[in-house]
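Both complexes below contain chain A, partnered by chain B and then by chain C.
What follows is the complex of A and B.
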């Protein structure tokens, strides 16, 4: 099923699960309420995003582009703001500030904890995949090495068997 | 074989600490907003997590304040009430309007017209 570009909704199943987990056991949720919460969640993302961009858009509009290009003008403060505005990537700190400004301070602590756990997990994943790559490289190297040896020397089967046995030990 | 187990373990750990909502979808929504160029991965994670917290908060607050407690059901009107009465949910009033009967609406329209005429 092709996704329409306007499909800015979040998956119903996940939203439903989050709602059920938040409410006391046995509480029902009407279909209409579920749909409304899902839409509210999308609006929340948009609302948060608008808070995130508000600050640098303001700086950009005030201080860059609209400045008259004058070689004689030396206004260090204007340059600074334009440079600040050049930071176009939204980062974690921006999100935390936005939550505060939106008056969702209650989210700050759980968000900080979640971010720490997430970062650890990402680091672990990275290390795991690097480890995997290293091991793959070792195996490839060993294979190349044994192939070279086969070509150079006319080895009989016994010796080949021995070499393979050695390689297996190295891998383990 | 041992590396597979380690990978599985790491995945399990990250999944239990990660988010349920798809970050790709959240990124899509954020990108639909003008002036957004790049979103750092941590920022995307936080926004997604915050959205989950928001869903929990909205559901629970609406239920607690609403009349649904008697019927043991969270209904649309509970949400609409929360949007109107709670300051932090005010940004939702447009998408969670309170429902009124058609005849009440027509009545209030008439009254507004009367006021205009009398001016």
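What follows is the complex of A and C.
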């Protein structure tokens, strides 16, 4: 069941589950309507993305010129500033702001909770893998005195930081 | 005792969400948390949309949610303005005649039109 690389549909199984949970017993959905719901889902992602990008581009323009942050005014002279981005990665904070712009403010609280849960999960994984790495090191360095152990740990942290450049959560 | 998993996994695959986002050519790098948050927002959006549409379905004493109920919901809520093209085009037999004002639906249309692509039959029973 190979998926085409351009498949923009979200999995039917997930959509079906959401429909099942949202609707009361006894209410069904026509085939046409089900398809439309799936399309609406993809459109929502594209729509949210366009807000994310719009804010991001504006942010870049304003900050690259060192202007005070202004969400509402678009200073025409901002176009004259260099487009060097201080930040290249869209982050979770951008999503929160986009939701506000889209008038989905009531989503913000649950989204923050989801973000916290995700961060905790990631932190746990990171600590677990660091722990494993430490244990391995202890075994291999058992014969040597541990004078370089601290330095190694620092190096590991830096390397991890570089490797996870794309994955990094930028704190807001 | 470890926390129980949700009975239904309603999280959308982050990779797929990222692919959809990257259809927007302005998008560069995306932090890993972003598709997770979008997935959650999407879930909440769909729930709202379904709940509001269901009210219309029930108000018409129907047990089957139809495209018309969805159309009515979209046109009655400013929040769903971005779905107007979907509402207007959804009942046309062929998606090739897509006269869209916003380009989101046209992106979805393009995907559906590609020759040789066999659409999965939507036969999963509710």
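Here, the second predicted complex is superposed on the first by the 96 of 172 C-alpha atoms of A that agree within 3 Å, B and C clash if a C-alpha of one lies under 4 Å from a C-alpha of the other, contacts with A are read in each partner's own complex, and residues count from 1 in each chain.
Quick note on the criterion: a residue touches a chain if its C-beta (ideal position, glycine included) is under 8 Å from a C-beta of that chain, and two chains touch if they have at least 3 such contacts.
In this text, all values refer to a predicted model and were calculated from it rather than measured experimentally.
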Partners on chain A (chain B, chain C) - clash or fit: clash
Partner chain in contact with A:25 - chain B first, chain C second, else both or neither: neither
Partner chain(s) touched by A:103 [first = chain B, second = chain C, both, neither]: both
Partner chain in contact with A:12 - chain B first, chain C second, else both or neither: second
Which superposed partner A:132 touches (first chain B, second chain C, both, neither): first
On chain A, the residue positions that both chain B and chain C contact, one per complex: 8, 10-11, 14-15, 17-19, 21-23, 26-30, 32-33, 36-37, 39-50, 52-53, 57, 88-92, 94-96, 99, 103-104, 107, 110-111, 114-115, 118-119, 122
Chain B-facing residues of chain A, complex: 8, 10-11, 14-15, 17-19, 21-23, 26-30, 32-33, 36-37, 39-50, 52-53, 57, 88-92, 94-96, 99, 102-104, 106-107, 110-111, 114-115, 117-122, 124-125, 128, 131-132, 135
Partner chain A, residues of chain B touching it in the complex: 3, 6-7, 10-11, 13-14, 17-22, 25-26, 28-30, 32-43, 45-47, 49-60, 62-63, 68, 72-76, 78-79, 87-88, 91-92, 95-96
Chain C contact footprint on chain A (complex, rising order): 4, 6-24, 26-37, 39-50, 52-53, 56-57, 88-92, 94-96, 99, 103-104, 107, 110-111, 114-115, 118-119, 122, 166-170
Partner chain A, residues of chain C touching it in the complex: 8-13, 16-17, 19-21, 23-24, 26-34, 36-38, 40-47, 49-51, 54, 57-58, 63-67, 69-70, 78-79, 82-83, 86, 90-91, 104-105, 107-108, 111, 114, 117, 120, 122, 124, 126
